[in-house]
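Dropping a structure here in structure tokens format, bear with me for questions.
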Amino acid sequence: MLDIPTPLDPRLATLLLHHEIDQFNARYAAALDAQRLGEWTEMFTEDAFYLVTSRENADRNQPVGLIYCDSRAMIRDRAFALEKTAMFAPRYLRHIIGNLMVQPEGEMGDIRATANYVVLQVLFDRPDATLHQIGVYHDIFRHTQDGLKLRERRCIYDNLLVPNALCIPV
Amino acid sequence: MTDGPAKLRDPRYRWPEAGLTRVPDWVYTDAAVYQREVERIFHGQTWNYVALEAEIPNPGDFIRSNVGPTPVVVVRGAGNAIHVVENRCAHRAAEFCRTLSGTTKEFVCPYHQWTYTLDGGLKAVPFRRGVAGKGGMPADFDMQARGLKRLNVTTHRGVVFASYADDMEPLTEYLGPEILREFEATFDGRCLTILGHYRHTLPGNWKLYHENLKDPYHATLLHTFLVTFGLLVAGNKSLMLADATGRHGVMASAKSDATKVAADVRGEMRAYKEGMTLAEPRFMDFVDEFDSPWSVTMATIWPNLIVQREMNTLGIRQIVPTGPHEFIMKWTMFGFEGDSEEMTRHRLRQGNLMGPAGFLGLEDNEAIKFVQDGMQRVPDGEHVVELDPQTAYGTSDTLISEAAIRGMYRHWREVMDL
Amino acid sequence: MTDGPAKLRDPRYRWPEAGLTRVPDWVYTDAAVYQREVERIFHGQTWNYVALEAEIPNPGDFIRSNVGPTPVVVVRGAGNAIHVVENRCAHRAAEFCRTLSGTTKEFVCPYHQWTYTLDGGLKAVPFRRGVAGKGGMPADFDMQARGLKRLNVTTHRGVVFASYADDMEPLTEYLGPEILREFEATFDGRCLTILGHYRHTLPGNWKLYHENLKDPYHATLLHTFLVTFGLLVAGNKSLMLADATGRHGVMASAKSDATKVAADVRGEMRAYKEGMTLAEPRFMDFVDEFDSPWSVTMATIWPNLIVQREMNTLGIRQIVPTGPHEFIMKWTMFGFEGDSEEMTRHRLRQGNLMGPAGFLGLEDNEAIKFVQDGMQRVPDGEHVVELDPQTAYGTSDTLISEAAIRGMYRHWREVMDL
Amino acid sequence: MLDIPTPLDPRLATLLLHHEIDQFNARYAAALDAQRLGEWTEMFTEDAFYLVTSRENADRNQPVGLIYCDSRAMIRDRAFALEKTAMFAPRYLRHIIGNLMVQPEGEMGDIRATANYVVLQVLFDRPDATLHQIGVYHDIFRHTQDGLKLRERRCIYDNLLVPNALCIPV
Amino acid sequence: MLDIPTPLDPRLATLLLHHEIDQFNARYAAALDAQRLGEWTEMFTEDAFYLVTSRENADRNQPVGLIYCDSRAMIRDRAFALEKTAMFAPRYLRHIIGNLMVQPEGEMGDIRATANYVVLQVLFDRPDATLHQIGVYHDIFRHTQDGLKLRERRCIYDNLLVPNALCIPV
Amino acid sequence: MTDGPAKLRDPRYRWPEAGLTRVPDWVYTDAAVYQREVERIFHGQTWNYVALEAEIPNPGDFIRSNVGPTPVVVVRGAGNAIHVVENRCAHRAAEFCRTLSGTTKEFVCPYHQWTYTLDGGLKAVPFRRGVAGKGGMPADFDMQARGLKRLNVTTHRGVVFASYADDMEPLTEYLGPEILREFEATFDGRCLTILGHYRHTLPGNWKLYHENLKDPYHATLLHTFLVTFGLLVAGNKSLMLADATGRHGVMASAKSDATKVAADVRGEMRAYKEGMTLAEPRFMDFVDEFDSPWSVTMATIWPNLIVQREMNTLGIRQIVPTGPHEFIMKWTMFGFEGDSEEMTRHRLRQGNLMGPAGFLGLEDNEAIKFVQDGMQRVPDGEHVVELDPQTAYGTSDTLISEAAIRGMYRHWREVMDL
């Protein structure tokens, strides 16, 4: 939990935590939009779980993910593969994150939060910016000695169809 | 209702002199050709994948699917038999089934509530005899004659196929012995458990996806990840199998240690990167659970099915064409009853290789898009498919071959009469 | 400039043997058929709704509208006469009027500022005589001959219609006595007050909307809300009226108490739900303000107008086709001068029944979409419209009838020569 | 007004009120996105006014609404009709709410606020997520003994045309 | 810096500054969406720099702008030209601003901030609302005696192509 | 592969009797006409702008561009020569170059890594000779014959052009002496510095953009800003120049003091507004840096280039058609080496005049859209272009003229054989 010099009005503590997570998400989006995947991997805990899957699968409790990482090691391999081995056309991405809701810190310092996201994509050979993916982050945050980290981020997208390929994480 | 047929007699549709070593762009880009493909291939003498039995385990379970572009409903009837019907009401054409899947006792069209049995029979027409002696259907209205359009259905090892043709040979014959063997190596009798779906569009012609999986050449070159981590390497044990007709195929390979690749071969492989390592190497482990010499097989079953056995990540891919320039791909990932929780997790982890976000999968989707882009923007050219001249067409045991692609077009031209 | 006409002589456009009890899909999905509809119907011998006089009360007031797909401007001239002109400049074709409505003394095209009088006459061409003796228009340039294209205009009870045909019969004749009576029951002489607009697209063929309102059968089945709260129930007082030509229609019914519906009838009505109640029942009240036996009438006035009198929520619906697969619907909701504030609120509350978010309206929009989906994805079929064989076509006093739809196609085939 | 133990810096009070309404809107969006219409109806006062209409109508001061409810009873009937009687295809919706502006609490405890909204829709038979509706909420909030409620929400959408049907409230 | 009666927890000061800029952006968007360009011009300092350019140009450090104003005088001329001289079709615009990140106040009172923006447009002759422009604001704010103002706003849009014309500033 | 050619013999494509004073809509809206334009104009006997040398200063530098709609890569070879090749792989048609610009030693297609030299020659085919004696290309596979499609290239004063025609006259001849003079007045020998790009779509036919810049009439009427601040005023010194063929043109004018405009002229200019002032007038200053009597010239160089010299804001505009109803415009704004920082800033400030957000630029984009809208929604009409009858077609020294537009169509009809 945040260490606070003077006892703070609990409503203000709530506000500060909300702001802290809001800013975490803004940095997270900025890292992905600039395709700084190394920075992105550092935003997770060692034992992190990261999943990108459809609302269809989530509603049916089917576990498959477009991306399925059950450790930061796998998140690092994802970043490594995309940066060092994967072939895909250059593109611009822009994440917009909103509707953040944070639950009070739970046992073991788990902080559950959700936020809606929109990923906009621009390819260099198509005129328009497109709604590439929309969905909800279902998150568990933790305060660590290295600061706030994601213990779990499940990205549940509303799209029924992925437009061709998901080249950069969500 | 385009003026396709007439149009296709036009000399512009003449195949290049060079024969099967060339494929003209119009095969991939022409609307009239596409229309004929729907008629003669997807609605023709073919078995089209529509679902896995495990998706509709109980009577009344149904799932939306497609035969070519045509939407159908796959449903398990009361008597456990599986029925496939067109998703179009016999009254005013409404696409009556809107949910992706579910369970029901009957199908009720929302517009006027004509009601159908699970096998597509017309069961009830509201106010059929009118009200107070007025209106309603003619006295001689024949309920029997007015059901939903039904397709022929067959299943094998839990995989469900449908056909518009009434005189189809059995699936086992349709596949032929070699393809059947590989099919049964994957569907080895264990019951399937559904792990979930991927769905994506792909802005390319549907045949390019078959060709991608009949093209072992690309695998050794495009997929750095595959090559670097030894899944497929030119020179190691592999086979590009085609059935007698050329329409079906299986790309098969055995995992090996890339570091052992002969230097000369590696020299040609730009994709190969020295000394790469994974932080979580176990996700590339192969648990040898199959009675097969191959660690990876990709079966392309004409016209709309791919069976992926990528080590331990298993999946169906169903092609749903939407026009000459685009198709939808629906993936159904599965495991087997009796998988330990750790085995299931292993399959899920290994799933990072494939699908629209897979290390390999995203590359293929991009590459196919590039090909369609090239044809649409620099039109009226042709493709060169002459690798491996020793094999005119069909099965080849070298990866440096396009013989399986030539075999597919030999079949396609026959069926399409082009 | 498609090759429609020629194409339409193709045998594929032959009507089914069964005659009017079948309607082939191409009627709803073919581009050449649509093109001919624009020429022969919307630009042909028809009166097309374009506006309400109350929308342009004063000289200079104008509003953008459409005749079929064609954009026009409806404007009240200095002399109070109403003019309808195409929204295309006579110089370089610019769509000069960009605002939805407004007030002006003249129309000025933004590109080169050719200026038009309110009745479409060419009033000024800048630098017509050049500058310093150079340039400008030819000496013989005839201003009279170069105005905007004008359409013929007629109005009745505050409703404005336009036609491309110069030899149209009067509107009253065009409607025929029965339709005219219903028209005048709604437009009963009171001055209209505009309450606002709805606009929506609908991904279906424009004729399906007419058919929906010539199809009393669906009303008793699709609309649970309607049925459960007694607005329209099979067996209670109702009429499906068609004019002599079959192109116009009025669906009329009298509100009754659904709980009194005979059990046998209710049995057929899946839509009927026992014991539903509203928290705010008064919004379903009917204030009987009209000289008519009907509490609800829906008049379909060929080719682009629907007049809604749904108890006390009143509205115009204007069909603007944009192709065979889609149209735009523009609604103009109105009341009458002298309505109390409470009466206006009552109309607004009751508005929740209709429109693209209306309890009934959204169901019809969805149902029509489903029908177009069904035809586009499972093509080349036909519709079955054989309810009520006692009535070959036209007016019928049972709700369990498709006779009015058959009547409409009898007229359509004649005009379309198909 | 919020009851505050110790006198609070007025700027912080403003911040807390802003946050309270921001979180109300996030919950409101979540209820609609999950199509929990019962929960949605509880977010209004008994005498609430709820309107969905076009910018075109609003600019002309024309009163008509796609949805027009001048009491919570009518809001309940809307939820009831959609859940129990209406036929429409299944769909996924996602609300993104941003640009919240809150005015200081006025007489009779009225709190006026505005926010921009985007409603994204995914149909199961069309490949793309679409911008279904965009607009502005013009709100009046009230603190009641049951917590913060909407006394009035006028949803003014910028779209000229509604795509086919508006099946779920905004 | 804000003048504060009692010494304030620095984290709360950060929060207040963040909120102040968030509200500035909300007002900025509202002024443009209502096409009140006069009000918009007043949100800049006299020596303001305002630029709208593509991510493509920005990445290459090429200075050109769709709109290039290196003084409030030029910003005023822009507003004047659009209101008094320019011919373009009427349209509805809606700005959504999110992912705000504010850096601590620097020397000379410069406050650096970034935010993602989406501009949605509705033309009267096209059915759909469209993603007209998406991008990032790169800002420098200053507190002046007239309140918070923009010393610099560089709007870097992700679109490769501008749809026809950019008639209203971003 | 549309049935264009045949279709174009249809009588519907007959030009109006009135001749060049009329332009029929189908010139701007028909798909078959557009297809022929690509073949006969962009891929025909023309020099197409593709890049500025300053964009690819060093060997290996490349930039994506287009010739008509066709994507090409413009690259500076090892020997400093500039090459233009189609962006389509010789193997399976992949659009291999995906980045907008960059620097490379060779081009490698991502799909199978066929490798090309900078001049488009096929340099390497992986596993060309197979592996372990199996597979690979035929022994007689001819690398020489399988490169990328190369276009002919010419440059003048740092501007790069390409052509599909092998027998093109030199650019200087192609331009003709008068156009060349204006071209060289702008490209006066100083080295260019790139200030950046604008890119926008425009929903209109590509020729309307040429016409807009061969239409001095509109400039005096549409552009209030231009007129009010004296950049172009009917009656002040100006010229609408056309080359001998009529395809190229230059609109030229000298800045003057609008307040001195004769009252009679001003009277006709609705656009002119009295007493407007700028808060930052210096951005309208003209620094006279060119050896030319004109302060503003707009050169339209057939078929895809516009050279803008708007006082001190200089730019290239490249037209990339994407169909009859839309094109993409790519702008390259530049200055000169040796520009002071203040001069660069002046150019950037003055840039507010042009481009898709320019005070003038946005008006032209909107006006052209309005014209295409008008034709698409009120089809099958014709345009009136009869201003300045004293000049049948071509060069005219009055602004109140459409002679240059007539000249362009005289040339177009000849080339298009329509």
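Each chain carries a letter (A, B, C, D, E and F) given by its place in the written order, and its residues are counted from 1.
Here is the rule we go by: a contact is a pair of C-beta atoms (placed from the backbone, for glycine too) under 8 Å apart; a residue touches a chain by one contact, two chains touch by 3 or more.
Bear in mind that the values here come from a model prediction, so they are computed numbers and not experimental data.
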Smallest number of contact steps required from subunit A to reach subunit F: 1
According to the touch definition, list the chains common to the neighbour sets of subunit A and subunit B. D, F
Same or different contact residues where subunit E meets its copy subunit A, judged by the half mark: different
Please state whether C-E or E-F has more C-beta contact pairs across its interface. E-F
Rounded to the nearest Å, the gap between Cα centres of subunit B and subunit E is 49
Cα-centroid distance, subunit B relative to subunit F, in whole angstrom: 45
Using the touch rule from the top of the page, what residues of subunit C touch 2 or more other chains? 95, 98, 100, 110, 201, 222, 328, 366-367, 370, 373
Multi-chain contacts only, two chains or more: what residues does subunit D have there? 12, 15, 87, 89, 96, 98, 124-125, 127, 130-131, 160-161, 163
Inter-chain touch pairs (all): A-B, A-D, A-E, A-F, B-C, B-D, B-F, C-D, C-E, C-F, D-E, E-F
Under the stated contact criterion, what part of subunit D meets subunit C in this complex? 52-54, 56-57, 60, 62-71, 73-74, 76-78, 80-81, 84-89, 125, 160-167
The residues of subunit F that touch subunit C in their complex are 7, 10, 12, 25-26, 29-30, 217-218, 220-222, 234-235, 265, 268-271, 366-367, 370-371, 373-375, 377-381, 383-390, 396-401
Interfacial residue positions of subunit E with respect to subunit C in the complex: 87, 89-90, 124-125, 127
So in the complex, which bits of subunit F are touching subunit B? 1, 3, 69-71, 86-96, 98, 108, 110-113, 126-127, 130-132, 134-138, 141, 146, 149
Residue set of subunit A touching subunit E in the complex reads 5-6, 8, 12, 15-16, 19, 23, 25-27, 29-30, 92-98, 120, 122, 124, 127-131
